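Across the two complexes that follow, chain A remains constant while its partner is chain B and subsequently chain C.
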Partner chain A sequence: MLRVSGFFVALAFACLFAADISITTLDPWTEMQRMGLGVVTPDFTAVSDIGWVLVRTVAFAFCGVALGAVGGFLLSQLFHYGPVRWACAFVRAIHELFWALIFLQMFGLTPLTGVLAIALPYAGICAKVYAETLEEGDQRAVKILAPGTDILSAFLYARLPGVWVHIRNYTSYRFECGLRSSAVLGFVGLPTLGFYLETAFSEGNYSEAAALMILFYIMIASLRLWMRPKLIGLYAIVAPFFLGGGFSIEMSNIKRFFTIDIVPAPLRGEALDSMNTWSQFADWVWFISVDMAVPGIIATVLLTQIALVGTGVLALLMFPLISKKFFGPVGRSIGHGFLVVVRSTPEFILAYIFLQLWGPSMLPAIVALALHNGAIIGHLMGRFSDEVKLRPDHARGQNLYGFEMLPRIYGQFLAYLFYRWEVIMRETAILGILGIATLGFFIDSALSEIRIDRAMFLIVVTAALNIGIDILSRRIRRHLHLSDEARQLKNPA
Partner chain B sequence: MKSFVLFFSALMVASILSTTTPQNAEAEAFVFTAIPDQNESKLRERFGKVAAYLSKILGVEAKYIPVKSYSAAVTAFRNNQVQLAWFGGLSGVRARLLVDGSQAIAQGEEDPVFETYFIAHSSTGLKASDAFPMDIKGKTFTFGSKGSTSGRLMPEYHIRKQLNAAPDDAFAKVGFSGNHSKTIALVQSGAYQVGAVNFQVWLNEMKAGKIDASKVSVIWKTPAYPDYQWSIRGDVNKQFGEGFSDRVTKALLSMKDPGLLAAFPRKSFIPASNADYQPILDVAKQIKLID
Partner chain C sequence: MTLRFKLTDEDFGYRGDIVLRDISIEINAGERIALVGQSGAGKSTLISILQARYAADTAFVPQDLGLVPTLSVFHNIYMGALQRNSVVRNLLNLVWPRPADIALIQPIAEQLGIGEKLFVKVGELSGGQQQRTAICRAIFHGGDACLGDEPVSANDQHQSRVIMDALTTSFDTVVLAMHDIDLALEYSTRIIGIKDQSIALDVAADQVTRTDLNTLYVK
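Right, the complex of A and B next:
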């Protein structure tokens, strides 16, 4: 474990040399002061209809996650088929924002774009987790069923009840993620929180931005109060009507997307049996690979590796904040408050804020990714550490941390971190939209030139890279015998 | 379990209902958008006025929808989710290439002779000159939006021509600020040493007292080129009745309210045609922004 950790830390340092981490704004402090002032003087009246903005954000999250969960549940029944597994791996390797950008081409700024952008990747994730949960469920009930029991009854009465709690917990965790996703979709123009947040930040109305963020935190913190099982049916009926107005969807736009837009330019309307067409296509692939995909991949990997180690360091620093072993009730509540705020803020928004402060380099992205993911892992480790049993005469303070706790929870920590690796990479790619030269930057450029074919090519490259990291991470976890310990991350509640 | 099944069937029905029924009120409204080249609050104010004006003259509900990027404006026009748009030179050319029969119908009096200003932070020591400032080579440089005419296309064209290199090679660092207001803010703060900005936005912000002349100043003005215009889809007559396109054109050209015009800011609107923007298309093809 130490060897692997050492290797990753060394790699991150090497990446740090190759990365651009300068602060380019000459005077970041003035802007930071203005932001600080905004935080202490939130203006809840600045956005008219602020209530509707929140309702819409919830509605998009709800519809997206619900469709994703149902789709994922159905798919989990077919998960033993290879093609279904691969399709799920593919859809979840593409970030919601990229899906939104794709659906925008087909459906425009309609509610359907936002709902599908959440539902599709979430279906891929849920399918995998549900399938694994069902597989690991207690099979004893199934074994004692009378012979000839039909499959549906066996499933509903014997297999499902045993794992229902896990599935429910996981789905409600997904809903929290869905709220973050929904908020971020506003950055590409859907009428959720991010839309107004982007406007407020870019115009320097920090009091307004602070008000929006505070309401968002309250919404997430109070999730358990209003997300009641009994109310879910009601939400399901009303939520779709709160997605906001849209435009009608034209079939011709959808057809055009599949038959023209995503067809590589050299192949469009050309004779497919001609050598010339294919040599032009080869040039096209070569050009995009060399000019965009390769530099994009390099930047994405550099940033991911640095952010991964940053996440680890911050998680190790932050977990004692909420651990009973280190702090009393008062200290812990402050720690909890801090971690909730940091992990509830989507990386995309954190990076956006730091970019405004420090100017464009990899630094804002590194800090944003490390903070957000560090807080998530710190939270899980803090809870895990509470369950560690110590001798009554155990050491305290630094000695407790270094000689008792760390050795005991280090395996768990690595498992969490490697699970998060793929998530960090997916986010890294998306941060390119903000101007950092990762894959997302080139995808955004292609879309801004209305070259959908190029964008699709690069999105597929991004997905492949993600799947690669996922496989690698699984190998490393297996090599370190971490697989079992990481289960808890998937069922965090 | 039962509630589970009920819940999801309700959800399916409701989402299908809400997303696929065309909203009648909106299907009939005449919707327009604009490229987000400035702060959004400014755009909302400006186009809110335009919507009220068009509604009154045309007798149909005219509605402005804000978008977050230049390409979103083009895509909305292409997908017939807006029928009219206030485009820049490049976004207009792109949009009209994608929509058969669409027309540039009106432009500001200033638009046939539009300019880009190169601006620099005082710490660079760069001074205004009539010749292209060759000394910007090796500095950090920010464009506006990736899809902007005045903030991307024309400056990049001149940079490639004069410095004989792609921007990535000519400068220590290249950024895209997103819009012209931000370009000014970024160069003024020193985040970038040099930037390219729409001259109208520069003059306007200067008038509004938002520019600190001791920190940022104009170092070069590009030769004139055609820029902003109103473009309309070719099929609006089918949707809103014979002669609708002409009526919209007339309404825009007869916009005389100084408050309305000042919001752009333009002195007046004059006729435009697709051919007026041929130079933009040529330049875009030359630097390979359009195939």
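Right, the complex of A and C next:
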């Protein structure tokens, strides 16, 4: 384990030399002071209909996650078919924001775009988790069923009840993720929190931005109070009505998207039996690969590796903050408060804030990714460390940390970290939309030039990269015998 | 007499190890069989072989009970009859138990002393009550024959008799793996003893004594 860790740390240092981490803003300190002032003077009246912003954010999250969960559940029943598994791996390898950018081309700025952008990747991930949960569930009751029992009754009586709690917990965890996704979708123009946050930031109105963020934290922290099983039916009925207007979807746009937009430019309307067409197509592939895909992949991988190690370092530093073994109740509640805020803030928003402070380079992205993911893993490890049994005369302070705790939980830590690797890479790609030259940057540029064929090519490259990292991470976990330990991460509730 | 269960010259293995060798059994309708022998002798294997062969028309109480802990006693008992009823009726019962089905299941549960627990989740019951729930399910499954693997193991003497009474009156033919020799002698018509991977003893219950059976338990 230490060899692997050492290799990753060394790799991250090498990447750090190749990466651009300069601060390019002229006066980051003044800006930081203004932001700090905004945080302590939140202005809840600045956005005229701030309540509706939150309601819409919840509505998008609810509709998207509900659709994704139902779709995922149906797909989980077919998950033993290879093509279904591959399709799920593909849709979940593409970030919600990329899906939103794709659906924007088809449906425009309509609620359907936002809902599908969440529903599709969530269906992919839910299908996988539900299928695995059902597979690991107790099968003994199935064996006593008499032959001739219909499939549906057998499933609902003998298989589902045993795993229902896990599925429910996982789905409610997904809903929390959905709230973050929904908020971030505002950055591409949908009327959720992110839209108003971006407006507030770009106008330098930090009191307004602070108010929005504070309400967002309250919303996530109070999730258990208002997301009750009994209310879900009611939400399902009303949520679609709170998605905002703009339902006019033009079939011609959808048709154009599939028949013209995504067809590579050299092939559009050309004779497909001509050698010339295909040689132009080869040039097109070569051009996108060399000029966009390769630099994008390099930047994405560099950033991911640095952020991964940064996440690990921060998680190791932060987990004692919430551990009963290290801090008393007062210290722990401060630790909890800090970790909740950092992990509730989507990486995208953190990166956006740091970008305002330090200007475009990899630094804001690295710090944002490391903070957010470090807080998530730190939280899980803190709870895990509480379970560790120590002898009564155990060492204290640094010695407790170094000799007793770390050796015991390091395997768990690596399992969490490698699980998070793919998530970090997916986020890294998407941060390109903010101007950092990862794959997302090239995708966003291609879309703004209305070269959708290029964007689709790059999105597929991004998905392939993610799937590759996922496979690599699984190999490493298996090599280190970590796979079982990481299961907990799927059910963090 | 009609033949109810039959195996002829068969070997049964589990993961490459032979557990039972050269087994031939004929069981007639109306017989009450006790399978006895040391733990690991192959009783469970024999029961599960018979279950696999005759699943279509035989009630079954497995050793692990096969209950769903998050469902109520009513639902677990009702699971014995899922194959008889329509999907719609099954689904309705899952959400909102029908009075007609409660009326069918209530007396069976009462007979086994769990009538008051009908709408308690099985996971909240004691081991003995869970075992009796599985017995009720087998009775509700119905039919003329029942296979059981240690169906009284989690209950005291009194409750064990309640279970044995219920099984022997509900089913014409029963084949039960038992570890309680006295109970086996009292309730069965025929004893089959298993030792060293094969049938070592097969006699009428009234022609065998407790000491005869002890030979099955010495190496």
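Methods note: the second predicted complex is superposed on the first by the 492 of 493 C-alpha atoms of A that agree within 3 Å, B and C clash if a C-alpha of one lies under 4 Å from a C-alpha of the other, contacts with A are read in each partner's own complex, and residues count from 1 in each chain.
Here is the rule we go by: contacts are C-beta pairs under 8 Å (C-beta built on N, C-alpha and C of every residue); 3 or more make two chains touch, one makes a residue touch a chain.
Values in this document were obtained by computation on a predicted structure and should not be read as measured data.
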First, second, both or neither for A:A315, with chain B first and chain C second: neither
Partner chain(s) touched by A:K143 [first = chain B, second = chain C, both, neither]: second
Contacts of A:L302 with chain B and chain C, given as first, second, both or neither: neither
Greater residue coverage of chain A in the superposed arrangement, chain B or chain C: B
Contacts of A:I249 with chain B and chain C, given as first, second, both or neither: first
Touching partner for A:V165 - first (chain B), second (chain C), both, neither: second
Partner chain(s) touched by A:L156 [first = chain B, second = chain C, both, neither]: both
Which superposed partner A:V367 touches (first chain B, second chain C, both, neither): neither
Touching both chain B and chain C, residues of chain A: 156
Sites on chain A touched by chain B in the complex: 20, 24-27, 31, 63, 66-67, 70, 104-105, 108-112, 115, 156, 160, 187-189, 195, 198-199, 202-203, 229-230, 232-233, 236-241, 243, 245-250, 253, 265, 359-360, 435, 444-445, 447-450
Contact footprint of chain A on chain B as seen in their complex: 1, 3, 6-8, 10-12, 14-15, 17-20, 22-23, 26-27, 31, 39-41, 65, 67-72, 74-76, 78-81, 94, 98, 123, 140, 145-147, 173, 175-176, 178-179, 182, 186, 189-192, 289-291
Residue ranges of chain A in contact with chain C within the complex: 138, 140-150, 152-154, 156-158, 161-162, 164-165
Complex interface listing, chain C residues touching chain A: 55-56, 60, 62, 64-71, 75, 78-80, 82-83, 87, 90-91, 94, 134, 137, 141
